[in-house]
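Shared between the two complexes below is chain A, which pairs with chain B and chain C, respectively.
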Partner chain A sequence: MRRILSENGWVIGLAAMLALLLIFTKMIQPQFGLSGLDSLSRAVLPFAFATAAMAVVVIAGGIDLSVASMMAVTSVTAALLMQGAGDVAAAGVVVFVLLLGLAMGALNGALIVVTRVPDIVVTLSMLFVWEGVALLVLNAPGGAAAGWLKAMIVGGVTIPGVPDGMTAWLPRSTLFMALVIGAIWLPIRRSRLGLSIYAIGSDANAAFRSGVPVARTRIAAYAICGLLSACGGLSLTFSTGIGEPIPGPYLLASVAGVVLGGVVLGGGRGGLLGPIIAVVILRLVRLDLTLLAVDPNVTTIIEGTIMVVVVMLGGLLAAKGRH
Partner chain B sequence: MRDLAQPTPIKRLVRFLGDNPMIPLIVLLLGLIGLLEVLRPGIVNERWIANTIKFAIPLAMLAACQTLTMLTGGIDLSAGVVATIAAFVMATQVPHLGVPLAIAVSLVPALLIGLLNGVGIAFFRVHPLIMTLGTGLVGTGILQVYQRSVIASGSVVPEVLGWLGSGRTWGVPNALVLFVPFAVVLIIGQRRTGFGRLLYALGANPGAARLSGVRAWQVYIALYVLSALIAGITGLLYVGLIKAPSLSLVNPLMLPSVAAAVIGGTSIFGGRGGYGGTILGALILTVLGTMLTLLQMPEGVRRILFGAIILAVTAIYIRLTESN
Partner chain C sequence: MAKQDSPAPILDASGVSKTFGAVIALRDASLRIDAGEIVALMGANGAGKSTFVKILTGALRPDSGHVRIRGRDTNVASPSQARKSGLVPVYQEPSLIPDLDVADNLTLGSTPKEPFRHWVSELGIADLRLDAKIGQLPLATLRILDLARALATEPDVLLLDEMTAALPTNLVERVLRVVRQQATSGRAVIYISHRFSEIAELCDRASVLRDGVTVGDLPIGPAVEDQIVELMLGAKLAPNRKREVVAADVAAPGSMPRLKVRGLGDGAKLGNVSFDLHPGEVLGVVGLEGQGQDELFDILAGFRPAKAGSFEIDGRPATFRDPADAIAAGVTLVPGDRANALFMDRSVQENIAVPLLARLRHWGPIPMRAQTRRVNDAIERLQIETRAQGEVRRLSGGNQQKVTIARWIAKGVQTLLLFDPTRGIDVRTKRQIYALVRDLADQGAAVLFYTSELNEVRLACDRAVVIFGGRVVDVIDAAEADDQTLMRAAYGLTEDADESVPA
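And then the complex of A and B:
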């Protein structure tokens, strides 16, 4: 029990903070209820996927600056292909777009491995490339999303045979996020690949000497990042019903979420739960400040300050721990 | 063994280029200009060259922030925001304070952000990427709030900055008056002064530098304050070129400034590179931008080519310098 506590202290602290913030939100806005929770959860969805995507590559010791651009590519591709397509065809589109994300991520990883250019530079170049691709696919916001996909992330959870009152408090989008990220990440984390990802993140040399295929693992980590970015792009298309070729503010938010979530830049430590809770907290802080009628621009300042202060404190704690 | 004794001409060429990494960059730049002339005969004239230099200078100056910080293994992602803040504050304060005072006041927030970056990186050991990203975010927010308070007073770009940013004398851009001394100081400073050598030392091996008695925190703070100051001056110059202060003025130069430093051969891990290459990198990117615009391709294709070319150039460069 104590071990679990000390190993997951950061995540538990974040979860407690999230709970406090939710209570606080309820206090300042008594009407904040199911619909508020639902829209918050839906707004968080693309941020959560972007953060999860970033977290995987950071754990593997890299960074991917092209996450937001890959989301834009997948979002417009999905919206364009779904236009006029039937419900069944839409399912095919979803599968295709997920594979597309996987391929884009794998290409990022392969370029890093083959060219031996630092990951920041490669993904910076790919940021421009994917942005260009998104603009070629769809020049202006447009396209459509199938209705049943939208229904998947709007409203509360209903399970046939169970009274609504028991399940309706849980937004569908939250469940959707938990199921998708869980289905992708949990099997990987338990597998050999997951172990290899943590290994190359904490020390690529040591991992290589213990027989971990470093190059292949790195490509796989970037491919998973691409897959999760595709989920983010799809969730954007589902919730807005259109595709948007200009990438949103997901790059900065995902880096902030990863750092606040206890994943160490440089790799090897942390998980996906912390970053996701952290990004939810950041969105909730933004919502609370809006509810308190604080100027939205001041909100940006506060968000940045939180990020700077938390990482500075983290740095101080790490320095203390070393002594 | 025989290879070592009698290198083939190709190997010798590769080794020569590896020893003189500026040469392939110059060849690339001349090649691009040649290609431009082939695509659109007659375009390369005195006027075009002056224009290219005019637009390359702000990029090269902002890339100086990246070059200097990258020498220590860092990066300054707040540079674009800092430059924008300086430009915007200056333009909005001119009606109140007059030109000289407004310029002085506009550099204060820049220095404060630089100091904050330095403190966070030196004392709290925050990764420079995160620290400068965060302060950039805070800076953007503060700028937006500030804009609310000066919305009534309007903005003026002083004539002296307009002259410096976009004017030409006998066909030569006036901005060179600022840039040539700046570049000379940096290029000499990086190799010949104690501070410059400390940057290389910290980037190449922070542990060894510390053991040899380098007070890393002093270097980091001085470095990030200097970087912010350069960014602020870049902002003032750039607003003289564009003549329309806005809240996202210099932001489009941010990512290209990193690209210019990287193309110019500065290692993002620290300890290798220099400002000479960065200037070439900025020129290459500017010429490339003109070429992609001239080809009248869709915006999407332009961005794809831009990204692909940065990656290709960097990859070739790393191959060349690694092989010796």
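And then the complex of A and C:
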């Protein structure tokens, strides 16, 4: 028990922080209720996917600066293809876009492995490449999203046969996020691929000597990042009903979420839950500051300060725990 | 060669060569091992031993030659393939993933768990938890886990690189016993070690590399140490030098020492080092790789704290918290890797000037004229080729090294720590560096000179301390310091009987 606590201390701490923030939000804004929770959750959705995508490559010892651009490419591709398409065709589009994300990520990884150019340079270049591609696909916001896909992330959860009161407090978008990320990450986490991703991030040389195929694992990590970015792009299209070719502010937010979420830059440590909770916290802080009518410019200063202070406190606590 | 007639050796490597650019690392290396044999792979620094090991384990591909295991050509392209072909290495630094626990590491390398547990307890670690994080285990335990992991896969050939280096004595005994059992049950073992006592106790044969060529393969017998040292050096051994008592040597020439080191240790590699370094003296330090010389120089230069012992400078006890403290006390290090000392993208002048300006209170305007004079003096004195002076990166290695020394001359040096300053440098520049070191000593500087080239002791030093296993095992006057004497000492062969070398 103490072991579980100490190993997941960071995540538990973040969850507690999130709970306190929710209570605080309720205090300053008594009307904050189900609809508030629902819109918060929907707003967080693309951030959460971007953060999960970034977390995977950071755990593998890399970084991917093209996350937001890949989200834009997948968002506009989905919106364009769904325009005028039927429900069944829309499902086909979703599968196609997910594969597209996987392929874009794999290309990022393959370029890093083959060219031996540092990951930060390769993915910075790809940020521009994917940005251009997104504008070529759709040069202004447009397209459409199938109605049933929108319905998946709007409103509270309803299960036939169960009274609404028991499930409606849980936003559908939260459930959607948990199911999708769980379905992608949990099988990987429990496989040799997952171990290998942690291994190359922790010590690439030792991993090589242990027989881990380092290059292939790295490509796989970037491919998973691409897949999760595609989920983020899709969620954008679902929630707004259109495709947006200009990348949103997801890149830096995802790095912030990863750092605050207990994933060590450099790799090998952390998981996906921490970064996702962290990015929710960052969005909620922003919401609260808006509710308090704080100057938006001051808001970013406060966000930055929170990040440094939390990461520093975490480092101090970890150092204390070791002695 | 000893066993030409044996029918099918388990491992048969022959004619292996490898070049890196213009450097020939291996010309013609070979190694044959039969079932049940333990063979020591020997070679002095730079003989090509580590390149050969990397080729055997699949980390490098040979340019020519072949490596066969049980008659099959192993076209090894990666460690995982070498593993499948039956050769499993245990490297000096553990190859376990620090952020994963033991069980995950086993899964990752496809190691069966039960045999692993068996070997771990056989090797003397009783209470290992499989959910312990690798990063939190001590080094000695990790080396044992690495060995147990290798044993659990039941390899045909086991390659052990300095297996006993970081282990306490009780674990060493266990390891040697287990390795012996492995050979008895029909496996082949390649054993790499600096410790002659272990080789004599454990190995059947020794295969010796010199300048990238396998020059000898001899059975281990009485007095084989001298033969091996001869083969490694390619020269006949003079009769043993009579040894004096170390303690007397340490206290040599009179007067107050500039640097007085007593019982210095870092708790791991460096055990207990004492010596005196006098003004005007060049004191050589000789040791095989990893005998504690890196730690010794790091501590003296303020890069890391000492865990045991103390040192005095001009009779005053010194503790350095960081390199700036050491520099303030007149102790400066020229590190082994020039890239660690130079600002490669900046000019020769700037590089030399930085230590002059480094202290915070010198912030503000730079006294340009005085600085230029001192810098130019240093450049002239060292005969630094200044045609490519815009960027130090574009200088030759020799000229770069001269810049690292020049900067401390410009500052005015009292105690200079040189760590292998002539590595990879042409002969002419080497001579200039020796002359410069002597010059500095004549002007009253005290110089500690670690070298990996034994003949430099005669060329540049007054005396040399020899360290082995983190301790000073001998102090030799430069006049007596021929290669054979130094090599024997560096391998711990002149040590007192407490290490129990069977003679």
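Note that in this section the second predicted complex is superposed on the first by the 310 of 323 C-alpha atoms of A that agree within 3 Å, B and C clash if a C-alpha of one lies under 4 Å from a C-alpha of the other, contacts with A are read in each partner's own complex, and residues count from 1 in each chain.
In the analysis below, a residue touches a chain if its C-beta (ideal position, glycine included) is under 8 Å from a C-beta of that chain, and two chains touch if they have at least 3 such contacts.
Predicted model only: the values in this text are computed from it and were never measured.
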- If chain A is used to align the two complexes, do chain B and chain C fit next to each other or clash? clash
- Touched partner set for A:R192, first chain B, second chain C, both or neither: second
- Query: Touch check for A:G304: first (chain B), second (chain C), both, or neither?
  - Reply: first
- Task: Applying the touch criterion given at the start, work out whether A:D203 contacts chain B, chain C, both or neither, answering first, second, both or neither.
- Result: second
- With the two structures laid over each other on chain A, which partner does A:G268 touch: chain B (first), chain C (second), both, or neither? second
- Message: For A:G211 in the superposed arrangement: first (chain B), second (chain C), both or neither?
- Response: second
- Query: Which chain, chain B or chain C, is in touch with more residues of chain A?
  - Reply: B
- Message: In the overlaid three-chain picture, which partner chain does A:G132 touch, first (chain B) or second (chain C), both, or neither?
- Response: first
- For A:I246, decide between first (touching chain B), second (touching chain C), both and neither. neither
- So which chain C segment collides with chain B once the two are superposed: 24-32, 276-284 or 348-356? 348-356
- Within the complex, which stretch of chain A touches chain B? 63, 111, 115-118, 120-122, 124-129, 131-136, 139, 252, 255-256, 259, 265-266, 295, 297-305, 307-308, 311-316, 318-319
- Message: Please output the residues of chain A touching chain C within their complex, sorted ascending.
- Response: 3, 192, 195-196, 198-199, 201-203, 205-213, 268-269
- Complex contact set, residues of chain B against chain A: 75, 116, 120, 124-127, 129-131, 133-142, 144-145, 148, 255, 258-259, 262, 267-269, 298-308, 310-311, 314-315, 318-319, 322
- Sites on chain C touched by chain A in the complex: 59, 78-80, 83, 89, 91, 94-100, 104-105, 107-110, 131
